[in-house]
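To keep things simple, chains are lettered A, B, C and D as they appear, and every chain counts its residues starting from 1.
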Amino acid sequence: MSAVDATSATEAGHAAPKRRLRQGIASQGAVLIGVIYVILWVVYAAEQPSALSAYSIESLLNNSLPLMLAAAGQTFVVLQGGFDLSVAGIISLSNVLVAVYPVEGPFGALVNLAMVVGVGLAVGATNGILVAYMRIQSIAATLATMIVCQGIALLILKAPGGYVSEFIAYELTGSLFGTVPVAAVIAVAVACIWLAFRRTNTGIALYAVGRDATAAELSGIDVRRTRFAAFCWAGVLYGCAGFMLSAQTSTGNPTAGEPFLLLCFAAVALGGTSFSGGSGGVIGSLIGAATLMLMQKVLFSTGVSSFYTGVFQGVVMIVAVLFAAFVQYMSRSRGNG
Amino acid sequence: MGRDQLLSVTGLAKRYGATVALQSLSMEVAPREVHAILGENGAGKSTLVKILSGVVRPNGGTMRLGGSDYTPHSIVEARRAGVSTAFQELSLLPNLTVAENLLLPNVSGGPLRPSSRGDAIAAARDIFAEFDIDDIDPRWRVEDLSLAEKQRLEITRAFSHKPRLLILDEPTAALPDTTWLFDQIRRLTGDGVAILYISHRLAEVRELCQRATVLRNGVSIGTVDLAGINDDEIFKMMVGRAPEARFPGRAPAAGDRPVVLEGRNLSSGRMRDVSFELRQGEILGVAALEGQGQLELFRALAGLAPATGGDIQVDGSPAALASPHQAMAAGIAYVPEERKVEGVFGGLTAAANVSLPKIGAISRSGILTHAQDAKAIAGPARAVELADRYFGFRMNDLSGGNQQKAVLARALMSGARCLVMFDPTRGVDVGTKQAIYAMMRDFADKGGAILVYSSELPELVNLCDACLVIYGGRVAAEVPRGELSEQYLLTAAHGHVGDEPMKAAS
Amino acid sequence: QDKKKIYLSLSYSGNSWQSEAANIVKALAKTPPYNETVELVEVISGTDPQAQISDYESMIADGADGIISFPISSTALNRVIKRGCEQGVLFFMYDATVTEPCAYNISYITSGFGENTAQALVNALDGKGKIFLSRGVPGNSVDERHTNGAKHIFDQYPGIEVVSEYYSYWDDRTTQQETAKALAAHPDVDGIWAQAGEYGAIEALRQANPDRLVPVTGENSNGFRLALANPEDQAKGLKGVSSGSPPAQSGYAFKLMMEILNGDRELEPMNIQYPLPWVPADAVQLCEGDTFENGCNAFPDGKVPSSFVTEVFNPELLPELSLTSALDGEPTPGATIQPLPADVVVKAPNEPGINCQRCEPPADLYKLTKIEPTVKPGN
Amino acid sequence: MSVEDDMTATDAAAAAADTRGAARIGSEPITIAVIFGITVLLILSSRFISPAFGGWSQTETILFLSSFLVFCSFGQGLVILVRGLDLSIASMITLGGVLTTTWLAGSNDGIWYVIPAILAVSAAIGSISGIGVTVLRIPPFIMTLAMGIIVYSLCLGYTQGTPRGYPAPALADLMRAHVLGVPAPVLLLAVFVAIAVVLQSWTTFGRRLYAVGNNPVAAHVSGLSTRRLTIGAYAISAMCAGFTGIALAAYANGATLRMGDDYLLPSIAAVVVGGSSILGGKGNFLGTVGGAILLTTLGTILAALGIEQGWKTIIEGAVILVALIILRESVYEAIRVWMGRTSAG
């Protein structure tokens, strides 16, 4: 998106005869945000010794997972060169559905999961048709679908309320065998699915379409199908985000998704995915989202005066990105020298 | 004739809104034939290519391939029918690896099957081995390839689909050395492949092709046997008028004039210790094979990648060319190598593209109208033969050659005293090339100075007052006007001066 | 010495109501003897429940004795609150409520704002006319409760026609703009039932027609009270009542919590009702000084902004406070903490989704408490 | 075929001029026409909802209310034009409002330097965002989001949570004044739009912004100071937001800290619905104005509908969607082909 990024890229490309292999670059964003995440953890643990308790870690993960899933979904759309605002609507809608139609037991959880995945897929597919086949700008099309979803959520549930099934509320926010938080398992599973997906034809096509749709078309890629698939994946992941949000809050709220809108873009950006498309990845976004939630903890533990927390928060975001850029710069110049 | 043709096209037409790109095109291509398409910039050649490869659909006409109706709806369908294409505006994805680009759209062997990186690289290596490429690593990102490497990759990708009909749209525009390409083409035709070959270089066309179809203003004028027609006649078919002298006469040597631009011991990237002097009224050529450091020289002078060593003097005083802005301020205008990336504002009109460097001067207290644009660019546009009808076109809707003309016109427009041109006539039609030569000569005669790199040696030999040959990052030879010959430049460019092989710098 | 560690957790800050409520708590915490015995930490979580959950977690981990909070969601925080209770943390919610039974809710919500103001509007309109409903935030349970109460009344009067219903987000400017939109369609409106932001509705009426005002009921902004009492505005047709959410709830909650923590009072977690303020036009009285004295309930123009929420004081429950407490969070010079009256606690009725989860509302949920109908329902 | 035959064909064709026609009509005029067309249709058909609708007074209200969105969308549009996005708009509006009420403190004195000062402060903050984006290469999304959070938090601290004071009475009066029967704010809107259109479409600055947005690399290679231009766009955006804040404070006769929140998404929506590309380099401010007015009209009509909020929201989304479908590129193509045919035939 930045006007100058491109300039610098060509400068660097021509100045350095060194050829880069794709592997390194594609995962670099994730590595950098990972480093920042670890640094924040160190700060947090130093300030707050109880931070490393199993409970504390589990609750932080539970708290982060919905945003992580939402950001993962958003990444698909951003990679193909677009924005998906429907994230807010789909999360609200899923949350409301799970809370208004709870089905008890593990099987019930599956039924609820199927419901939200179905809704996510349906909205995602609608977005896909609007953007890929009817060629409406993604930000505008998804704004409209977001508003419609919010309306439907309000029709289903007028005010916060409803109950989420016990199984979802307790089992999915607990730990497997009392040691591994379920949230961590889900996050790792998403990361693994992504790693496999990235190497499929559709995964590669996603990067191609995001970088240059015309060239992708000329290379034989079905650009429209690729875009459509990206929105579907995104919708499904938003549905899952709504599902996990319901597990965490154990009630429904017709406006539950609203806070996710800007946050999930921030997570994607922090994770090193470029908004002009074609570079970045889901892993970075997962860590980016986790970083944003961790930041809340760090802010708390450092005890900045409440009115000015925002200043701190903003500065940390900027510094995180600058730090990533600095590390990248250092590694590149060392590579050249 | 009709029955045994591989491809036959009749009355093909294509409109874009009010614009007619192809009016009526008819032609036939036989198996094993290398068939040329000739025509001015904007005549409709690339449009034909796009139709044949399934990228755009025609508004009228019929196509038959191998005896059956041929109406491809996508590039994949065209490939399946045995037609594959190397496009004029390269269709590679810079953020993917060479291997991935080569195998697209099916890298992994199934839509949901994750690819093993090793398999893809091995497959790419096999393809490279088959087509004699050994200097590109399949694991590299395409972003980091030179333009010529990208061009070879694009061509190899077209080869790799095992076509019956192979379409090459200006494949040599960015290839300084054509031997590899011609060898491959001969091998493929030997295997029964027919090739549609588009190029503005008549010499090449004559070397490769038996027949040519000439297009003018979207109409096929006819198909000719190249053996029975001379260049002037072809030119007349393409343009509709007789050609002028191919190269303009040269002014007397410029030895006593002041030095406008001087480089002393410049280094940067592959370029090592390059010095030169460019005098007023002089056209100084640069000859080099691909990737010998000439690009670094030009980019340093353009302020794009400032030299890491040595210094640059403008009018005898040191100049810091840290950005293109400063280069412009120092009176240097640059014609970039990669038009699509560095030259063209695709969404703006051609007029806006050309007038850009001068809008400050042509505007009236900051206010600018399209009429002012059109008036201001008339001169430069005429100099490069960019027709008025294109002024209002978005650049993306112009043909490749016309885009190049607009980029050239912009450099002229800038009012610089010193033009630094990297392969300025790339993709430009025969007629316009002459206009551009004349323009350059005229520019120099009026007191300007030009540093020009060209991948076409005859251009350098006939146009330049002197020529630098760069090899291995260093100046291998400085050839004064009297000694300029294609043979000599070629030898020097390969690192042989006086039959003595030179040592490469790095 | 053993200071009590108290966290003040705000959702968002940025309107007068929120900052006044927070300032009251801050001022009380600086008033002797609390200045010696209380360590108060203010945390602003923003509008995202996830953030407030995270902050509650941190506060519990940090060994809080009590958390006084404006909760963002009535339900999403339950789980973390429950865990905090298990660790012995006291949770006091003011104004907004949570449905978790181990938390104390101190709120006016159950005191019938919607039905009482609606009846006041009906009375002012003599039982007929076109009205607007200027509501709060869509999908919010408090807004839902207020509006249901109001509609319960309006539905009894066929002469009352709700011609437009819009969301004003409890904000003056949004109310003004949304009301302006509604006025474009219905310039002939006869009355406006508003929640917080009511002063914007009056501004919109003035903008549309400087010479005509209509009856408006709303909450407690100083601007609204001044307008109600202004004879010029009354002459143009303004009538109404100022009621609604008092920021003073936070002070009450804080003092109650401190009394429990200090062992001065025994009280199981419960829902506590804060009395509904009720100031009709004829009851508006300007304060001379910086506190509510002698029954005054509004400040002269220029002393506070029109968006200032007047119900920051309560001479009975919060005698320690003055204007500087509400505006700057500073204690009133010379004041010391006074104990709450012994029998102060009034139990709030159950309201499903507001202060309890699976519970039955009382049969007389929408009973009028502040006003009698002057027009008979049904015609 | 013999060469001779070809040569005669050549001569014949040589005589004929190039008759292939030139590009005739761009997509922008069509977008603008269509979007205003939809708006007018909406206004006219809203008569079915309320008898007071469909007339000049409703139009006046719509224009008045949309002016705030138009002001801040101009800046947003410029930033989007150079491939950015300005998420700090909400906070900058708040800043404008807060400074107006605190610096003017309800008096007309100093209005002549306070307002320029507010605009200058806004522009300075915008430049910081611009510098972050260009020099430090922070993605615009993060830079402006962070800047927005910072500015908001500074406002919060500066006002200690409660914005006090009033804008100058002169400003409040201006909001209510009528000139020749037209409300002054509507005239202000007209003047603003005129200036903005000239700046974006008819000046060298605007042209350069298009170039930067269209191809930043080529812009750099052509010697444009892409950095300065980009910073300029961000500065103007912040200034427009500050200006919106001043206008809103004058309108509401006071400031609140959340006063900008309602304008962030709508400002982006107005730009994109108005036909600009979110990827930069393409767009026209008149389209944005149409987008802003369309969104406001929709809001006005929905406010008058006596149905549940859920349904209102669904209708809002659906109408936006329909507008987008009508405004699609392929629809212009059809119109252009049709006009090409009729003018050719």
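Everything that follows uses one rule, which is that a contact is a pair of C-beta atoms (placed from the backbone, for glycine too) under 8 Å apart; a residue touches a chain by one contact, two chains touch by 3 or more.
Small disclaimer: the values here were computed from a predicted structure and weren't measured.
J.: Can you tell me which chain lies farthest from subunit B, using the average of the Cα atoms as each chain's centre?
T.: It is C whose centre lies farthest from that of subunit B.
J.: Which pairing of chains accounts for the highest number of C-beta contacts?
T.: Most contacting pair of chains: A-D.
J.: With centres defined as the mean C-alpha position, give me the subunit B-subunit D separation in Å.
T.: The mean C-alpha positions of subunit B and subunit D differ by 40 Å.
J.: Mind checking the centre-to-centre distance between subunit A and subunit B? Centres are C-alpha means, answer in whole Å.
T.: Inter-chain centre distance comes to 43 Å.
J.: Measuring centre to centre with CA averages, how many angstrom lie between subunit A and subunit D?
T.: That gives a centre separation of 29 Å.
J.: Starting from the mean Cα coordinates of subunit B and subunit C, work out the distance between those two points in Å.
T.: 73
J.: Mind pulling the subunit D residues that touch 2 or more other chains?
T.: 152, 156, 160-161, 217, 219-220, 309, 313
J.: Subunit B: which residues touch two or more other chains?
T.: Residues 304, 341-342 of subunit B each touch two or more of the other chains.
J.: Taking each residue of subunit C in turn, which ones touch at least two of the other chains?
T.: 13, 138
J.: Using the contact rule from the top, write out all pairs of chains that touch.
T.: The set of touching chain pairs is A-B, A-C, A-D, B-D, C-D.
J.: Would you tell me which residues of subunit D are touching subunit A in their complex?
T.: Touching subunit A from subunit D are residues 82-85, 87, 132-134, 136-143, 145-150, 152-154, 156-157, 160-161, 212-213, 216-217, 219-220, 226-227, 229-230, 265, 268-269, 272-273, 277-280, 308-318, 320-321, 324-325, 328-330.
J.: Within the complex, which stretch of subunit A touches subunit D?
T.: Interface residues on subunit A, with respect to subunit D: 1-8, 10, 81, 83, 85, 130, 134-141, 143-155, 158, 262, 265-266, 269-270, 274-276, 305, 307-311, 313-315, 317-318, 321-322, 325.
J.: Can you tell me which positions in subunit B touch subunit D when the two form their complex?
T.: For subunit B paired with subunit D, touching residues are 15, 17-21, 23, 214, 216-219, 221-225, 228-229, 233, 236-237, 240-241, 302-304, 323-325, 327-329, 334, 336, 341-348, 352, 356-357, 359-360, 363, 366-369, 387, 389-390, 392-394, 397, 410, 414.
J.: Within the complex, which stretch of subunit D touches subunit B?
T.: Checking each residue of subunit D against subunit B gives 1, 3, 5-7, 9-10, 13-14, 16, 18-25, 198, 202-205, 207-208, 210-211, 214-215, 217-225, 281-282, 333, 336-337, 339-340, 343-344.
J.: For subunit A, which residues count as touching subunit B in their complex?
T.: 9-11, 13-23, 25, 196-205, 207-208, 211-212, 214-222, 278-279
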